[in-house]
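The structure under discussion appears below in the form of structure tokens.
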Amino acid sequence: MHLDIQHIIYLLSSVTFILGLKMLSNAKTAKNGNSLAAVGMIAAMITAIVFHEGAVSPLVYGLIFVAIAVGTVVGWLTAKRVQMTKMPELVSLFNGMGGACAALIGLVEFHHYVGDSMSMSVILAGMVIGSVSFSGSMIAWAKLNGKIKNAIRFPKYNILNTIILIGLFVYAAWMVWTGTGSEMHLYVLFAAALGYGILFVLPIGGADMPVVISLLNSFTGLAAAFGGFLYGNQVMLTGGILVGSAGTLLTLVMCKAMNRPLFNVIFGAFGAGTTAASEAGPQGNVKEVGPSDLAVQLNYSKKVIIVPGYGLAVAQAQHVIKELETILEERGVEVSYAIHPVAGRMPGHMNVLLAESNVEYDKLKEMDDINPEFAQTDVVLVVGANDVVNPAAKTDPSSPIYGMPILDVENAKACIVNKRSMKPGYAGIENELFFRDKTQMLFGDAKKVLSELVAELKALD
Amino acid sequence: MKLSVLKETDAGETRVAIVPKSIAKLTALGFDVTVETNAGASAAFTDADYTNAGASIAHTSKEAIEKSEVIVKINPPSKEDITSLKAGQIWISQLFHRLNEPLIKELEAKGIKGLSLDAMPRISRAQSMDILSSQSNLSGYKAVICGADNLGKIFPMLTTAAGTITPAKVLIFGVGVAGLQAIATAKRLGARVEATDVRPECKEQTESLGAKFITVEGEGVKVEGGYAKEVSAEYLEKQKEAVNKSLAQADLVITTALVQGAKSPILISEEQIGLMKNGAVIVDMAVAKGGNTALSKADETVIHNGVKIVGVSNFPAQIPTNASELLSRNIDTFLSHLVSEGSFKWDMEDEITTETLVTAKV
Amino acid sequence: MIEFFTENKDMIFIVILMIFVGVEVIGKVPAVLHTPLMSGANAIHGVVVVGAILLMLNTEPDNYLALGLGTVAVFLGTLNVVGGFVVTDRMLEMFKKKK
Amino acid sequence: MKLSVLKETDAGETRVAIVPKSIAKLTALGFDVTVETNAGASAAFTDADYTNAGASIAHTSKEAIEKSEVIVKINPPSKEDITSLKAGQIWISQLFHRLNEPLIKELEAKGIKGLSLDAMPRISRAQSMDILSSQSNLSGYKAVICGADNLGKIFPMLTTAAGTITPAKVLIFGVGVAGLQAIATAKRLGARVEATDVRPECKEQTESLGAKFITVEGEGVKVEGGYAKEVSAEYLEKQKEAVNKSLAQADLVITTALVQGAKSPILISEEQIGLMKNGAVIVDMAVAKGGNTALSKADETVIHNGVKIVGVSNFPAQIPTNASELLSRNIDTFLSHLVSEGSFKWDMEDEITTETLVTAKV
Amino acid sequence: MHLDIQHIIYLLSSVTFILGLKMLSNAKTAKNGNSLAAVGMIAAMITAIVFHEGAVSPLVYGLIFVAIAVGTVVGWLTAKRVQMTKMPELVSLFNGMGGACAALIGLVEFHHYVGDSMSMSVILAGMVIGSVSFSGSMIAWAKLNGKIKNAIRFPKYNILNTIILIGLFVYAAWMVWTGTGSEMHLYVLFAAALGYGILFVLPIGGADMPVVISLLNSFTGLAAAFGGFLYGNQVMLTGGILVGSAGTLLTLVMCKAMNRPLFNVIFGAFGAGTTAASEAGPQGNVKEVGPSDLAVQLNYSKKVIIVPGYGLAVAQAQHVIKELETILEERGVEVSYAIHPVAGRMPGHMNVLLAESNVEYDKLKEMDDINPEFAQTDVVLVVGANDVVNPAAKTDPSSPIYGMPILDVENAKACIVNKRSMKPGYAGIENELFFRDKTQMLFGDAKKVLSELVAELKALD
Amino acid sequence: MIEFFTENKDMIFIVILMIFVGVEVIGKVPAVLHTPLMSGANAIHGVVVVGAILLMLNTEPDNYLALGLGTVAVFLGTLNVVGGFVVTDRMLEMFKKKK
């Protein structure tokens, strides 16, 4: 009877995981989805404790409770206190914990199943994968953290890694084959797996870390699933497989979004591509943003100001920008255009352009009228403008544009700049704005990128 | 059949009734075309263009008239034309027969068949022969260009280093063929455009061009077959109220309101002109029929209280090339409708023939 | 092999279906949600903690090594679960409409 | 400080240097403004507008000049102006100092500081004081309106019952400020637009307005700081070849090509005009500096072989209201740059001051 | 050993069903998906026969083969010979066959399981659902076929139907409860279920038939799944459930696309809305088309001509039409515009409109030039034009537009007319074109409908 | 009830997962594919023919009524399968690019 209810609860938990994950893939339902999965998780944990049959010493219960309590407090506080920007590394850290947990289960359970080749395979697979996930995640965490700065690459590291991987596999297979119960072999395998995890992630550049974390995430899922198989526990099995498959797909999707095949991510040529664009410029690093992230940011803003410049005209993106305006206004976002007196290449260039796509005259704001408004603006979207938003005009007396009034886009809560490259504009000078903390660059031809943005916005609904 | 095209003699007229492109079509219909020398010169068609197209040249209008059975012109015949005409000839031009009874009588007396282009019935199949439509359309465009040329301001909004120029406000009275083209042209140039008309369907039409319509809530308008036939004084009063605010802000006003078979209504009184801005411009397109403002004078520019009132009675003559092309196409289509196998059909069942044949059957 | 399959045919079928579900569920996720989704999935695989709990419950009270490792495993698993869900929740804060 | 605004005396000039809107700004700067009576009349600003804005009215230019330390005008001082001027006064206007040495000498001799508006350096921060830009821009618009008014055709393509009117072809020489605005305006009205320039960056700029650029492959062009400084004869030959096809099809040609500090280049020879269509129009905006065609005459319309060549030397004067507004804003910004706490700074480190102060330091 | 391979094949078949269905939901893969599922199906059928354990008389084998052979030939020929327009009714027919099959299984198996309440429940459920699906599908088929013309409604048919439904349920429950083995009860239940199916579909209007068929389709899936449960047969179970759930969702999606809640579809108020628009007009019936079907038609055309009219201007749809042009040209479709001399309300109205959205001048074709081209055109899309495409101008001397030249859109292979209603245009006269065989009406405001069309086209890629 | 559940827990789980898969798989189907998709699904539920075949195989060779009904059932099921797939295939013809 007990057991039966247990199964029902496990089943329900699995369903919450599926539903939760599904809801997480839509902006509107994501938060609830997360909570739903959390509820399922709590239920599964309680079920595992409460419905256990057979005598258990109070000591064990005590240990479990203490471990859970401490884990909860530590986990909660860490997660609550972390800064927004540090979240990805935290995800990596937590992922490592899960991997370690799976590895430990394997270590402990191993001797119970010596000789049973099926169970041994399952245990060793779970342990190896968990260990790789653990050590790999730790390296990823250290990299994102800045504790490890550069991609460390041994000569021929690819071949080395592949050999280790094969070695791991052969060694584990041999253990199962011989049915050895030797703890020594177990720990050697464990250590080798940890080592492989480290070597696997070390050569990979920082820019590719999110992909790696996603991959390690699906590894941990797999490790959990092996645990489920071992215990014949459905919720572990389904939860693990779910994460394993969803995580793998997610990894592929992320690779696609970054335009790098997964193969490159795993076998070198890592993070070499993107750094060039994003780390050029003498004044430091620029932050890039993609159309999809920007779409969310815009969708959930109250007030957006668009700053058009010559690049909008070059791209002939006037119709798309109007579409963007329309869709944002439909979502309840207040949109206006800040027209700088010398934006473009002729007086009134922006007016001519925007009139063509029927932007209302009333939405076009003069510089003096709109400058005070930036402070109340959530997002400024600078499209193909450069000199007219260059703070050097105010701060650098040696600049050729010194003294020219500019649009104070820096006062807004966030500033997105769309242009094709880091090349300067008409005046031929660097623009410090691009390197500011609040600024994110949206690289690409205005027409193309804005079309993508519009598509993402439509998908968000 | 021989057909002659006369050179226009009216002051300020620059168009020509038939352009070289139509000669081939007329020849195919069985006409032998003669063109008075220099007939197309002011519309950028040389005598050489005509001869190349297959026409011959007559050196005087007399010669041209005497040579042919059919004579084509845009404007009514001049005194000399009438003297040269002989019984049995067919005269095609605008004749304004309702306002020009003596002329019609004279033609009838001489035994001349007069076909009046302005009497074309406004039915669907006659659209391609309707010179009023084709010329009004060009006039609507040209009135805006003329307004833009006379205005001390530019149309579009421009934000420049030396400040922002606000868009010009254009107000259009009468949303007929000319009014619609005027709306479209002013919109294109970047003005803020408003329009008003007595016919309620004009609201949708105005909005279909992206402009704003000022609706006048009032009665006393008689619309017949798409034309305003009569507008009561009471309605005109209501209209004044409704438009005065726009009028006071307008930079350019274009009036196109006509009432068929009557003097054009006065839509802007002297007092209302007083409300307008210094430097504003009114282009009165109805000036040939009396004008839509109290002060308009045909082919003169009146300045009252800083407001320029430009009255142009013949806008198409300012774009003679295009205007002549369309006219010529209207006329050649008309002729191909009238003629069959080398001779006139005189089909008296046909509305187009009966309405345009304004002289009594002779 | 086939034996193993027959014995566990339902399990295996569940695994296959689950893979489908996992793949489908992600389906057309907008790129903005990649990170929160990864984080949410990360929390879900924390379900491995259930294994750690079962391990503890099945361990003899005098096997101190196993108990120690088991406790650590439960702790780490809980960290994964709690930290994972909370951090995901925080990431999703930014999807709230500003009022 | 007292500042006077003079009424323009040049023939055909309709603008005014300061509009009522600027008076408040000048007052805030510490100026006491006097305006010569009727100075703004032709630009639609009445004396009442000025007095309402806080200026006083002088009845003659003499009175205005004698009253003030600073005198503002658009065009260089007339003979009488100079007679009325006294040592120590500051004169602000266009002075064309490179072409007008005797005048500068005369001012220096009288001990007058002359600030020349046309000498404004074309640097970013001076853009808001640059009258060349602000006026060229309006000229570019107006040149198209002028062309549209002179052309016997309409700009847009129109498919009508009386046939389809093909869009006018407009060809623009020189893609500077005026050229760009001309492109934009002609495009808006529906023409097919092509443009050419010696500076290669103009291709992108032209295309950014949706028009087509004709690239001339040739050498011998010296471009300095964004301005064409010198164009070799060889290049002009190449250009002819490249544009001749377009020229032969063009309905309207607008030329805006200037070379800084030199006579404007002849881009269209008499022979090339011969290639053009009967009825085509050329608007030569460079006519004040000699013109871009072989036949252009300032403020005259020459007709050659059926081609109208319209030379207008002062387009901004045809849109006096907007032109004056922008000028006035340029000048008041210039003054606020020169003045600090109620007096002139004469900051000789400042490029704007040194370049515009064209009289020797007195 | 046999049994094991059997399971693997069943499993693979189930997977082909899932994959097949998935591929069917994307235009590019749909055909392959269908074939894949078919392969899975053949495998499952062969497996069922080949791996059967226990002696089977040759007679039985013979009967099976004959049934399959005849079924295959009949099914194949019917499906191959049917006209395009008759396909929906054929789907309904085949669906009914599946339902009947499920019902027959129930009828035959019933007496084997008398007393076993679980199995009885499963059998009766399968039989009832199968029967309802069978008779309902037959009615739907007859309706689409034109054999039954109107919605036949008994007074208070809703209440009646609900009572019968409850009755069916109670009766079946009672049978299970008493564990009766009486064939009489079985046949009464069978007959009642058939009756319910008829009464369920009869009151529903023709326009809603697709939704009903989709619903009955998912019923049949459910019936098959019950069969699977009964036999412990995984492929039946999974295939059935898959169709049951996918079918239900599809039904909901279709309802949404038609803007009618499923509730209305089941409980009356059926098909009342759309018929008004589509069946008005004295000259007969017009055919409606939706943006999505049109999207396919356009996407797979070679040459499309757009005929703009006054309605395009009223809707201010010039920017959307340009977007449509762009997307079609990207797909390799040749697009041009046929400009009638008097389209709109002023000479050149269409020129002004289309110039605003930067349609190239060269794409605008005059009437005389384009009229000969219609014959080589796959689709003519008439947007808000009416009089200018009215054949009465050529054929009806009494018409006010007689003698006006018109665009010969009838010569094209298909003609789509977008307008908001069946109201006449400027001339105030009926337009026979709308009732022609080749013509389909796309009702709605031009801007709205064209936006939907563009969205569908984008989704098609 | 719970008993039934425990006995068939894997089956039930498969059913639930299958429902998810069914729903997900349809997901964002463009409206143009509604009819072919419905038709394809229709063919798939023809799998009920497997049941009919099993029924036949398990029927005693002298139970003529059952054999008769079973044969009809196999026939109808095959009709459903074959007709369903073929008609779907034909519907999908129109998605081929004209060349």
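Just so it is clear, A, B, C, D, E and F label the chains in written order, and each chain counts residues from 1 on its own.
The rule is short, and it goes like this: contacts are C-beta pairs under 8 Å (C-beta built on N, C-alpha and C of every residue); 3 or more make two chains touch, one makes a residue touch a chain.
Model, not experiment: these values are computed from the prediction.
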Separation of subunit E from subunit C in steps, with touching chains one step apart
1
Along the shortest chain of touching chains, how many steps lie between subunit A and subunit D?
1
Would you pick out the chains that touch subunit C and also touch subunit F?
A, E
Could you find the chain whose CA centre sits the greatest distance from that of subunit B?
C
With contacts counted as defined, which of the two, A-B or E-F, has more C-beta pairs across the interface?
E-F
Shared interface numbering between subunit E and subunit A [over half = same, under half = different]
same
Could you work out which chain's C-alpha centre is the most distant one from the centre of subunit E?
D
For the pair subunit B and subunit D, the C-alpha centroid-to-centroid distance in angstrom is 37
Averaged over CA atoms, how far is the centre of subunit B from the centre of subunit C? Could you give it in whole Å?
81
Distance in whole angstrom between the CA centres of subunit A and subunit E is 41
In subunit E, what residues contact two or more other chains?
18, 22, 234, 341-342, 347-348, 352, 355-356, 358
At least two partner chains per residue is the criterion; list those residues in subunit D.
127-128, 133-134, 137, 156, 158, 160-163, 165, 188, 190, 210
Contacts with 2+ other chains: residues of subunit C:
11, 13-14, 18, 20-21, 24-25, 27-28
Looking at which chains touch, is this a line, ring, star, complete or other?
other
Run through the chains and report each pair that touches.
A-B, A-C, A-D, A-E, A-F, B-D, B-E, C-E, C-F, D-E, E-F
For a test of understanding, state which residues of subunit C touch subunit F in their complex under the given definition.
10-11, 13-14, 17-18, 20-21, 24-25, 27-28
Within their complex, subunit B touches subunit D through residues 14, 43-46, 127-128, 130, 133-134, 137-138, 141-142, 145-146, 148-149, 151-154, 156, 158, 160-163, 165, 185, 188-190, 277-279, 306, 318-322, 325-327, 329-330, 333
Mind listing the subunit C positions that touch subunit E in their complex?
2-3, 5-6, 9, 12-13, 16, 20, 24
Enumerate the contact residues on subunit A facing subunit D in the complex.
310, 313-314, 316, 341-342, 344-349, 352, 355-356, 387, 393, 400-405, 427
Note: in the complex, subunit F contacts subunit E through residues 4, 11, 14-15, 18-23, 25-57, 59, 61, 65-67, 69-92, 94-98
